[in-house]
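Chain IDs A, B, C and D follow the sequence of writing; residue 1 opens each chain.
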Amino acid sequence: MRVKLKAGPEERKFIQRIEELSGENVYACYQCGRCSAGCPMAPEMDLLPNQIIRLVQMGMQEEVLRSKTLFLCASCFTCQSRCPKGIDLARVMEAVRHILDPKGKDAFGPDEISPELARELPQQVMVSIFRKFAK
Amino acid sequence: MFEPQIMCFLCKWCTSTAADMAGTSRLHYSPNNVNMRVMCSSRVDPQHILYAFKEGADGVFIGGCHPGDCHYVEGNYKTLRRITLFKIMLGDLGIDPRRLRLEWISAAEGKKYAESMDAFAEQVRDLGPLRLNEKALASEVVKDE
Amino acid sequence: MKLHYYPGCTLKEKATALDISTREAMKRLDIELVEPEGWTCCGAEYPLTEEKIVGLAAPIRVLRQVREEGGDVVVTTCSFCYAVLKRANKAIQEDPLKHKRINAYLRDDIKINERTKERTTGFDDYNGEVKVLHLLEYLRDRVGFPNVQSRLKRDLKGLPIAPYYGCRLLRPQEELGLDEPDNPHLFEEFLEAVGCRAVDYPFKQECCGSYVSVSLPAAATEASYRVLRSARMNGAKAITVTCPLCFYNMDHRQDAIKETFLDFPGLPVLFFTQLLAWALGVDKKLLGLGEHSVPADHLFSESPTTEVRS
Amino acid sequence: MTAKTTSKTKDKRIGLFVCHCGINIASIVDVEKVAEVMKDYPGVNFSTDYVYMCSDPGQQMIIDTIKKKHLDGIIVAACSPTLHEKTFQEAARLAGLNPYQIEIANIREQDSWVHTDKAKATKKAIKIVKSHVAKALQNENLEPIKVDVTKRALVIGGGISGLQAALDIADHGYEVILVEKNPSIGGKMIQLSETFPTLDCSQCILTPKMVEVSRHPRIKLLTYHEVDSVSGFVGNFKVRIRKKPRYVDETLCNLCGECEKVCPQIVPDEFNMGLSFRKAIYMPFPQAIPGTYTLDAEHCLGLNPVRCGKCKDVCQKKAIDYDMKETIIEEEVGAIVVATGYDLYTMQALGEYGGEKYEDVVNGLEFERILSASGPTGGAVRRPSDGKVPKSIVFVQCSGSRDTEKHNPYCSKICCMYTAKHAMLYKHRVPDGQATVFYIDVRTGGKGFDEFYQRAVEEDKILYIRGKVSKIFKEGDKLIVWGVDTLTGKKVEVEADMVVLAMAMVKADGVMDLLRKLKVSTDIHGFLAEAHPKLRPVESLSAGFYLAGCAHGPKDIPEAVAQASAAAAKVGDLFAQKELVHEPTVVPVNDELCSGCGICIAVCPYGARSLDPERGVAVVNEILCEGCGACAAACPSGAAQQRNQTDNQIFSMLTAMLRE
C-alpha cells in the first residue's frame, strides 16, 4: 500500500501538540535507532520506539495513535540516557498517550486487576500503571 | 508628518555590504537615514551615539555581523555588551532607549537591511522628535566628558 | 542525630522489610529517622508532559513539610520515590512557571499551629530548599563509607552480591546525578563497604519490566529473568535492589520466571539495607526476611561465614 | 569635546567629483545641484560633476585637476567604495596625491538606488558628501607599514601533514625546522595498515617521505623536541624549543639492539596501541626516523647505574648517557605551520560499550595494528584476549561521533571509509568470517570512495545494518551486541568474537597547552580555527600561522596532504615578499594621554597591544593590529585613535550630516 504523505494543518497541529506536551524537538531525531536497540520492551512492540518518532515526524497520527507500543513503554529512560540527540522518548510516548482519546484497547483498567493480585502488588506499581496506562 | 533623522553606524564587512546589496537589488526604503561606515561595530563608542543625538539625530542604528561571524573574531560581542549597558544609561539620561537599535545584518541580508531601515524609521516616527530638553541633556553629558 | 526520612507507601505495606531494615541499620549508625508529618504518596511517576504538572503537587508538599519541620535533607530508599522527589525538587528550582503554578496550588493548604491548634493558610513558597538524597548517596556523602566500615559488627567475608540499579536511580542522569547511567559505581562501593564483593555483570542498569509486569506479565518476566540470569552467571549469590517494585518483579514473581525459563535455578533477592543492617549487627529477626518468596535466610547465618565481633 | 578642525587642516584644498553613473545616480539625485551646493562648502576648492567618473576620461580629469588645483584631498561621490576605491586611489597616486587622502561618498547603492523621492535623495547625497569633506579635511598622509620577513618556517608535528608541509616549503627553497614531540616522525599514518580506497600499504608510501625529510638539506629535523614558547609576530617569530633528553646519542647509536635485549623493564608499546610490549629503551618501530634508540626515562629503573645500568654496560658505542639534560634551543622563523594531528576519543566514555572493560572491544587504530603486517600479530587477525581468530566481528560506526548530547556532535568523516576497509581486510584474511557493520549513514564523498564501499558490500558480502548499537556486553567468551535494523524495524542481537569501535577523532591529547602558547584560536572542540571557512581555509586568524591536517578537523590522508601543500604554498606567498606590507589605518597610542589602564589590551583580539612597563603606557605592534577600532572605542582617555578615523573625524562627520 502506498501511503500518501501530507503536511497539512492537521498534521502540523499534531506534531506541534506532541512537541508542546513533551517539550522535545521530534525533528532532532536522525533515526539512528539506538532507542530501539536498547529498549527492554521492544520485543513486544508493534512499532519500535524509533518508528514512533519517525511517524510523528511524518505527521502520521493514526498509525502512532493505534500502536501498542504506547502501552508498553516502561519509562525506564534507557533510550533517553543513550540518545545521541538527547531526546527523551518517554516524554514523547507520554505526550502521545495524553492526546489519545479514547485510550483504546491497549490501555489498562482497574477491572483488569483481580482482587488476589491487588493484595499482592506493591502500592507503587498500581499508582504507576494507572498514571501511565489508565483507560 | 514628522520625518526623523536616523544615523546609522554600519560595519564594513557585513551591514554596510548589506546596504550596498539593498541598492544593487533596487529595494526601496524611506530616506531618513545617513550612514557612516566603520571597520567594526565595536568601533562605535557610546560618545559617538550621544554626539549624534546632540547633533540632531532622532534615532541611532548600529549594524554588525551576526554573532560568531565577526571579521575581528569577537567585536560584535563587545558591541552587544556595550550597547546593552548603554541602553540602560540612555534611559537614565531621559532618552528613550528605543531610539537606539542594534541589529545583526549579514552581507547577504540586503532585504533585512531595507526592512530594518523602514521599521526603525517607523518606530522613531512614532516616538516623535527627540525633545529639546533631551537634546540639552545629551549635550550636557557630552560636555562633561 | 535526626534525619528526615521519606519511606513512601510501599514500604508501609508490601515492602516493610526495606523499612524495618533501614530503621534498624540507621539506629546502629546513631541516626534517628523522622518521617515528615502527614506525608502522602509521592505519585510514583514524575509527570512527563507539561500538562500534567499537577502531579508535582504531592512530592512538593512532602518536601515543603520537611522544610517546615526544619529539615534540609530528606532521604529515601525506594527508587521510585527518590526519582519523583528529586526531579520535582529540581523542576521547582529551575522552572519558574512550575514554581509559580505548584506554589499556587499549595498555598491554600491548612496549617495547624502546634500550640494553639489554630488553623490558618498561607505557606511561604517552596523553592527547592530541601536536598533529596538516596540513602546510598547519604551513606557515601554524609556518613562516609569508611565510617560505615568502622562500625561493622559482622564480617560478610566477601559474599558475592550483584548490585542492581534498575532505572530510576540512574536515569535521567541530568536530573538525578546519582551516578553515570552506563558506568555506575555507587552501589558497588556500598557493597564493598559492608564487606561483600560486588559482582560485575552487564545487566545492572537494565529495566526489570517495572509496572508493565501488571499489564503484560510475560514481558516483565523476561526482563527480570535476563537480569537475574546475568547476575547468577557472573557468580552472584544474591542480587540486591533498592526498589520495592524491582523486588516484587524479581522475588515475588520468581516462580513465574522459573516456570517460563526452565534453565533458571533461582537467585535470592535482597534489599540493600538488609545487608547493611546485618553487617552492622542487627538481629536477623529484624531484617524482614519473612517477606521473601525466594528464601534468603541462608545468606544470614551466624556461622561459619559470619561472626559477631565484640 | 568638540569637533573642530585644526588650523592646519583649514588650509586643505579639497576637490569634489560627483559621478552621474549614466542615469544610475543622475536620474534620482540632482548631481549638478550637489556639485553646485558644495562649491561654497568650507574647505572645498573645486567641485564638478561628470557622467562616468570611473571611465578613462573621468579618471584623467581627476588626475589633471589634482595637479592643476594643487588639491590635498578629493571626494568622489559615486558608487560603493568596494567597487572603485582602489581605482581612484590609483588615479590619485598617479597625480602625486597620497592614496589615503581619497574619500568615496556612496550615493548610488546607499542613495539613488534605494530611494524614489528626488528632492530627498538629493538632500541625502549632499549630507553624505559633506560628511566626507569633514573627514577629508582631517585625513593624514599614510604609508603602508613595512617589516622584514625571516624566511625560515617552523612546522610543528611530524605526521603526514607536517612532513608534506615541511617538504614543500623546503622545495620552495626555504629552510624549515620540523619539530616532533615523539622519538620518531611518522605520526598516526605510520601506524595504519592499508589505506582506502586503493589499499596501498601505508608504511610503504610514507617511509620514503620520512627518509626524504631526514635527508633534505634545508630541513632541520628535531624529533623528541617540543615547542616551549613563541613570541614575536608574523615574519619575525622567536621560538624556544625544548630538547627532551633521549639519553642515547643518536649520532653514535648503531642500532645493534644489545641495550634492548638486556633492559628488564617491559612497557606497553605505543606504536602497537598497547597490544604488545616494548622495553624501556626502545626504537618505536623498525623504520623509525631518526634511526636511534630512545630511553624512556619514565619507565627506566632510574637512570642510575647503581640500580640497573645494564644498557649502558652493553653499549659498545658508548652512546648511552644517563646524565643528558633537557636543553632549550632558540630559533627565528617567519611562519609557523601547525600540524599537531589528532587522537581518538576515549572508549572509557562509552560505558554502554564496556568502557575499555572488554579486551576484545578495540578502537579503529588498534584494529589497524592488528591488520598491519608490522603489527603484534604480523597481520593475522587475532583477538587480543586469547589470540583466537575471530569468526564474527561487529564494527560500530559513529562511536562517540554525531552525538550532540554526551560526546562529539560532529561527524568524524573518515570512519565510514576505514570501517569499510577494516571489514574488507578482515574478510580477505578470514574468508569464512562474518563482518557486520552498524551504521547510521554511510558517507563516501571522495574520489573512488563509494565504489570502494560498494565493493565491500557486493564482493566481500559485508552485512551493513542501519542502526546504532545501544549496548555491548560479554557473555562467556562472546560479546553480545544489541542493535537495531531500522530498515526492517527489527531489534537485532549479534554474537561477536570481537568488536571494532570507529571512535570519534578528537583534538590531540594535551595540544591545548601548546595552542595557548602559540595564541592560535580553536573551535569549541579544540580543532584549529581557520581565518575564513571558505576563502582562507589553511590560515589561522593569527597572522603567520598556517594549519595542516587533522589538527584543523577530521580529514583523510589525501585531504591532509592537500591542506599541507596549500599551507606550504601560503608560507611561500609570505616568503616571496621582500617585506610585509600592512594597512596603516591602525590604532596607535598617544603617550601623553594614555594612563596605562590596560583596557585596550584586554579588548584587542590580536594581542597587538601591551603595556610598556617602564613608561606605564600601552604600546601597539602595528603589524599585528588589524584596525578594528574596538580599543579606540574602549579607551577612556582618547589616547587610542584610529588613523584616518579618529574620534574627531567621526564627530565632524556626524555634525556635517546631522546638523540642519
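As a convention for this text, a contact is a pair of C-beta atoms (placed from the backbone, for glycine too) under 8 Å apart; a residue touches a chain by one contact, two chains touch by 3 or more.
Note that the structure is a prediction, hence the values are computed from the model and not measured.
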Requested in this report: Compute the distance, rounded to whole Å, between the mean C-alpha positions of chain A and chain C.
Outcome: 27
Query raised in the report: If you average the CA atoms of chain B and of chain C, how many Å lie between those two points?
Result: 60
Query raised in the report: What is the distance, in whole Å, between the centres of chain A and chain D, each centre taken as the mean of its C-alpha atoms?
Result: 46
Query - Whole-Å separation of chain centres (CA-atom averages), chain C against chain D - result: 52
Report summary line: chain A touches at least 2 other chains through residues 43, 78, 82
Query raised in the report: Among the residues of chain B, which are close enough to touch at least two other chains?
Result: none
Query raised in the report: Among the residues of chain C, which are close enough to touch at least two other chains?
Result: 181-182
Requested in this report: Once you've mapped the touching chain pairs, tell me: line, ring, star, complete or other?
Outcome: other
**Report entry** Interchain contacts, given as pairs of chains that touch
**Finding:** A-C, A-D, B-D, C-D
Query raised in the report: For chain D, which residues count as touching chain A in their complex?
Result: 352, 398, 402-407, 440, 466-471, 482-486, 489, 491-492
Report task. Using the touch definition up top, name the residues of chain B that touch chain D in the complex. Result -> 5, 7, 17, 19-24, 26-29, 31, 34-40, 42-45, 47-48, 51-52, 55-57, 71-75, 78, 82, 114, 142-143, 145
Requested in this report: Using the touch definition up top, name the residues of chain D that touch chain C in the complex.
Outcome: 350-352, 355, 471, 473-475
Report summary line: Per the touch rule above, chain D residues touching chain B in the complex are 1, 3, 80-82, 106, 108-111, 113-117, 120-121, 124, 127-128, 131, 521, 541, 585, 603, 605, 626-630, 632-634, 642, 645, 647, 650-651, 653-655, 657-660
Report summary line: In the complex, the residues of chain A that touch chain D are 30-39, 42-43, 47-48, 50-51, 78, 82-86
